[in-house]
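Next, two complexes with chain A in common: one pairs it with chain B, the other with chain C.
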Partner chain A sequence: MVEARYKPGDRVKVRKAYPLGHIRTPFYIRGHAGVVERLCGAFGNPEELAQQRSGEPKQPLYRVRFLQREVWPDYRGNPEDVVEIEIFQHWLE
Partner chain B sequence: MKDSGSYQPYSYFQLMEVSLRELLVEKGVLTEEQIAATVEDIRSRTPERGARVVARAWVDSDFRARLIANGTRACEELGLDVPALRLVVVENTPAVHNMVVCTLCSCYPRMLLGIPPDWYKSRNYRSRAVREPRAVLSEFGLDLSQEIKIRVHDSTADMRYLVLPMRPAGTAGWSEERLAAIVTRDCMIGVATPKAS
Partner chain C sequence: MGGLPAGKVEPTEHDYAEWERRVDALMTLLSGIKGGRKLMTVDELRKNIESIGPEAYDRMTYYERWITSITQTMIQRGIITTEELGRKMAEIQKRG
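Take a look at the complex of A and B:
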């Protein structure tokens, strides 16, 4: 299991990368910064599992909170509206 | 369609399902009984399960606290086994409204809500729920004031989300059963709110 590098409240940025394969990091959030809401635990790496490999070592999975107005420049709503997304540690920097 | 009693060919996916099922049985991976039992189990999962959880949380504040701390374990207290599913319960308050989507596919708390509705899997809902949640909610008949913050949960990996709606006014003294009856599937996805009448 990979050790968790972040804790709730930490500001993190999602890697802006476009590798091929089974990626659980949505395109729309790549390159955006948010705040760790909680550590969900450690889970098999889906990119490896999709290739029928073991998924080990398990990767820490976080729920990261992003401000909608930072994700969508034309967002209309409350300036504190958020979207929360589960992101694996190896996608954060 | 004209019912001539004649043979109707299988659709592509039906044919694939039958072929795969028969192969699995033929090769001894699964038995017909196991398949039938699993289908029955899937059919037995309905939103009434989730509604029981919500109603309990409304009448028992200690349970509500445990449910928010660890959704999976709290459901076990009600005899609801949620294997391989880490349940995160998100609570609506007068200041915050939660809604759930899976933009990548159709992740859904099936153990508590059953099979997801078609709209949950539609490209329309999946792409717009994260980008213009207020417009989407409005199409469901839920017009939220700008004062209320919206928190959209994109269910992208191993967690599953259940919205704990607010107990509506006018339900004081109601039994758990009566409360559960007003908790609809859509309330627990976060595209509706429970109504007392």
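Take a look at the complex of A and C:
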């Protein structure tokens, strides 16, 4: 298992990368900054599991909170609204 | 879908058809979560759903996407061949 590098409250940025393959990190959140809400545990890497490989070592998965108005330029809801997304550690920096 | 511009989401309720229940059961069995051989992962299911062309994706229902993806995964893993699949489909079509 890969050791968890972040803890709740840490500010993180999602890598802005567009590799081929099966990626769980949504396109729209890549490059955005957020705050770690919790560590969800460690899970097999879906990028590997999708290609008939073991997915080991398990990767820490975090729930990360982003401000809606920072994600969507034309967002008209409450300025404090957030979107929470579960993101694997290797997509955070 | 994936943050792309789209219309309003219209939620609807419907009963599952028998073939839809079977597709769901097929996925459970192939995943090996009820014991037996693990022949595919949910990540392969997702990967092969993502690789359905956008036009076909929009045309298909939820479980049509699943069975398309499961079939593709079985071919990729060599569990079945395209040849076997084609012959079986023709055989079933003949039953009418």
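To be clear about the criterion, the second predicted complex is superposed on the first by the 93 of 93 C-alpha atoms of A that agree within 3 Å, B and C clash if a C-alpha of one lies under 4 Å from a C-alpha of the other, contacts with A are read in each partner's own complex, and residues count from 1 in each chain.
What we mean here is this: contacts are C-beta pairs under 8 Å (C-beta built on N, C-alpha and C of every residue); 3 or more make two chains touch, one makes a residue touch a chain.
Please read these numbers as outputs of a predicted model, since none were measured by experiment.
Engineer: So in the superposed three-chain picture, is A:12 touching just chain B, just chain C, both, or none of them (first/second/both/neither)?
Structural biologist: It touches nothing on chain B or chain C.
Engineer: Touching A:85 in the superposition: chain B (first), chain C (second), both, neither?
Structural biologist: In the superposed model, A:85 contacts chain B only, not chain C.
Engineer: For A:64, select first, second, both or neither according to whether it touches chain B, chain C, the two together, or no partner.
Structural biologist: A:64: touches no partner chain.
Engineer: Which partner chains sit in contact with A:46 here, chain B, chain C, both or neither? Use first/second/both/neither.
Structural biologist: both
Engineer: In the overlay, answer first, second, both or neither for which of chain B and chain C A:36 touches.
Structural biologist: In the superposition, A:36 contacts neither chain B nor chain C.
Engineer: Of chain B and chain C, which one touches more residues of chain A?
Structural biologist: Answer, by number of touched residues of chain A: B.
Engineer: Applying the document's definition of touch, where does A:28 land relative to chain B and chain C: first, second, both, or neither?
Structural biologist: A:28 sits against chain B and chain C alike.
Engineer: Under the contact definition given at the top, report the residues of chain A touching chain B in one complex and chain C in the other.
Structural biologist: The answer is residues 26, 28, 46 of chain A.
Engineer: Flag every residue of chain A that touches chain B in the complex, lowest number first.
Structural biologist: Listed in rising order, the residues are 24-26, 28, 40-41, 43, 46, 61, 63, 68, 71-72, 75-78, 80-88.
Engineer: Help me check something: in the complex, which residues belonging to chain B touch chain A?
Structural biologist: 86, 88, 103-104, 130-134, 146-159
Engineer: Taking the complex as given, what residues does chain C use to touch chain A?
Structural biologist: Contact set of chain C toward chain A: 2-3, 41-44, 46-47, 50, 76-77.
Engineer: Going by the contact rule set out above, which residues of chain A touch chain C in the complex?
Structural biologist: 21-22, 26-29, 46-47, 49-52, 55
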